[in-house]
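Going in written order, the chains are labelled A, B, C, D, E and F, and every chain counts its residues from 1.
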Amino acid sequence: MEFRIIKSPSEGTLDILRRRMGTNCKTDLDSADAIGLVQGRMIEMICAADIAEKAVGVTVEDVRGSCPQNMILIAIFGDTASVESAIKEIKIKMEEGKTL
Amino acid sequence: MEFRIIKSPSEGTLDILRRRMGTNCKTDLDSADAIGLVQGRMIEMICAADIAEKAVGVTVEDVRGSCPQNMILIAIFGDTASVESAIKEIKIKMEEGKTL
Amino acid sequence: MEFRIIKSPSEGTLDILRRRMGTNCKTDLDSADAIGLVQGRMIEMICAADIAEKAVGVTVEDVRGSCPQNMILIAIFGDTASVESAIKEIKIKMEEGKTL
Amino acid sequence: MEFRIIKSPSEGTLDILRRRMGTNCKTDLDSADAIGLVQGRMIEMICAADIAEKAVGVTVEDVRGSCPQNMILIAIFGDTASVESAIKEIKIKMEEGKTL
Amino acid sequence: MEFRIIKSPSEGTLDILRRRMGTNCKTDLDSADAIGLVQGRMIEMICAADIAEKAVGVTVEDVRGSCPQNMILIAIFGDTASVESAIKEIKIKMEEGKTL
Amino acid sequence: MEFRIIKSPSEGTLDILRRRMGTNCKTDLDSADAIGLVQGRMIEMICAADIAEKAVGVTVEDVRGSCPQNMILIAIFGDTASVESAIKEIKIKMEEGKTL
């Protein structure tokens, strides 16, 4: 899994994300202070999305949308502190989940 | 093969799964207590789906739906105990099947 | 190449196969006692399909159908003994064919 | 590159090939005694197709048709001797072409 | 990540880029003195696009457009000095971002 | 990067190329004495196309057309000497470009 955080994303970056999320996107991207990006294998990303969804102050989107590949990317939108804390949560809980 | 279990899946996680399962999905996702995820090569996943289908208390869905790739993901829905036991069954029987 | 045999396939497993074989499927899946699965590179699978087609008591289907990838999967339907013997035949003849 | 020859192909095998060649196929498959299959990277396969096209007694088809991938497969149809000689030609000429 | 700069791009090169960027392209390609190309994994490319968007004198486009793959390419258009400086910025900031 | 030259391409080979280039093709393939093929990663191929476009006596086409993958193929059409000189140019200039 790989992680990146973009603070104060530019309008062009939001455009690229919008085009790749298609019409399923339920988040108002313009109000997001920060974007957390998490990329990994599909099975991991569904678990990561669930962990982030249960964190406070963030919304989660599946970036690929209509053309699923094995390796996918999720974006986590919110204020910087919430995005950082959601990503921290993912790192901890996914590590625990490996013992399954 | 990789295995993950999500307990009390969030609404957003169910949405991601719903979008990737398309209209073929026969399970009422909202009533599932837990989701078992199994990812592997297609030939393994068809066998794994068959083992889970024969287990009690769970339903099985092919997550990718319309755009098959070599590596696919199945989701097993049910109460936590049933999902855990179906995944245990898959691990045991797939190991046996290797001797073919 | 990888091989698996599913005896008395569940209805859900047949559904997954049906959805991935599309409308080209000429076999009555419900009457099959067993399913042999063979996965490999496309060139091998066309040869394997030909060997199985020439075996008795089985029919052969191309599981991927509409979206060909480099790695494909064929399913061999019939009673358990016929499926097992078709798969044995594939193993022997493909080994011989390597000397080409 | 990989090579395989199927002698007296079964009707089911011709069906799999027909479905994957789409409507661009100009060869009458039913009159072919043998099928030569050559699989490799796209750049090699275009050269291989050209070599086979210039050989006598065979026709060449691009098996993938509508959904090109990096790795593709061509089929060479004709009587057994012509197919074998076309494949021999490909092996020799492609080896020479490497010195480019 | 890989980087290339094309100075005074030919009309044919702009055509290839135009076809692959689809109708989402907001840049007037004909007025670009230079094109910076950056290729990498999707998560990196979204960050790289954000860095370039925040640089002066350039616009950024997602070359793949409609059919996202895991590995994508962005193009940075502008005068040569601006493109070179945007690419330099990407190299420096992406290196810093690794410490996340 | 890989390079191949086909001299006096057969009609069947031109057909395979035509089908894979779609309706964007601006070259009259029938008047080409030779075809130069160059396969590589997308970022390299856009640079290679630009180098060939700036060479004399050749036209360049993007073979994949509608379904871009990470690895793509360009075809260079012209008389044999021009195609050979364009490919030589690509080899030299791409090597220089690596120092970026």
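Some observations on this one:
The rule we apply is simple: a residue touches a chain if its C-beta (ideal position, glycine included) is under 8 Å from a C-beta of that chain, and two chains touch if they have at least 3 such contacts.
Nothing here was measured: the structure is a model prediction, and the numbers come from that model.
Contact with both chain B and chain D is made by C. Note on chain placement: the centre of chain C and the centre of chain D lie 23 Å apart, centres being C-alpha means. The geometric centre of chain C is 39 Å away from that of chain F, both derived from CA atoms. Shared contact sites, meaning residues of chain D that touch two or more other chains, fall at 67, 69-70. In terms of inter-chain touching, the protein chains here make up one closed cycle, each touching precisely two others. Ring order of the chains (start at chain C, first neighbour chain D): C, D, F, E, A, B.
On chain F, the positions that touch chain D within their shared complex are 2-6, 9-13, 15-17, 19-20, 37-39, 63-64, 67, 69-71, 73.
The touching residues of chain C, counted against chain D in their complex, run 24, 41-44, 46-47, 49-50, 53-54, 59-60, 62, 65, 67-70, 97, 100.
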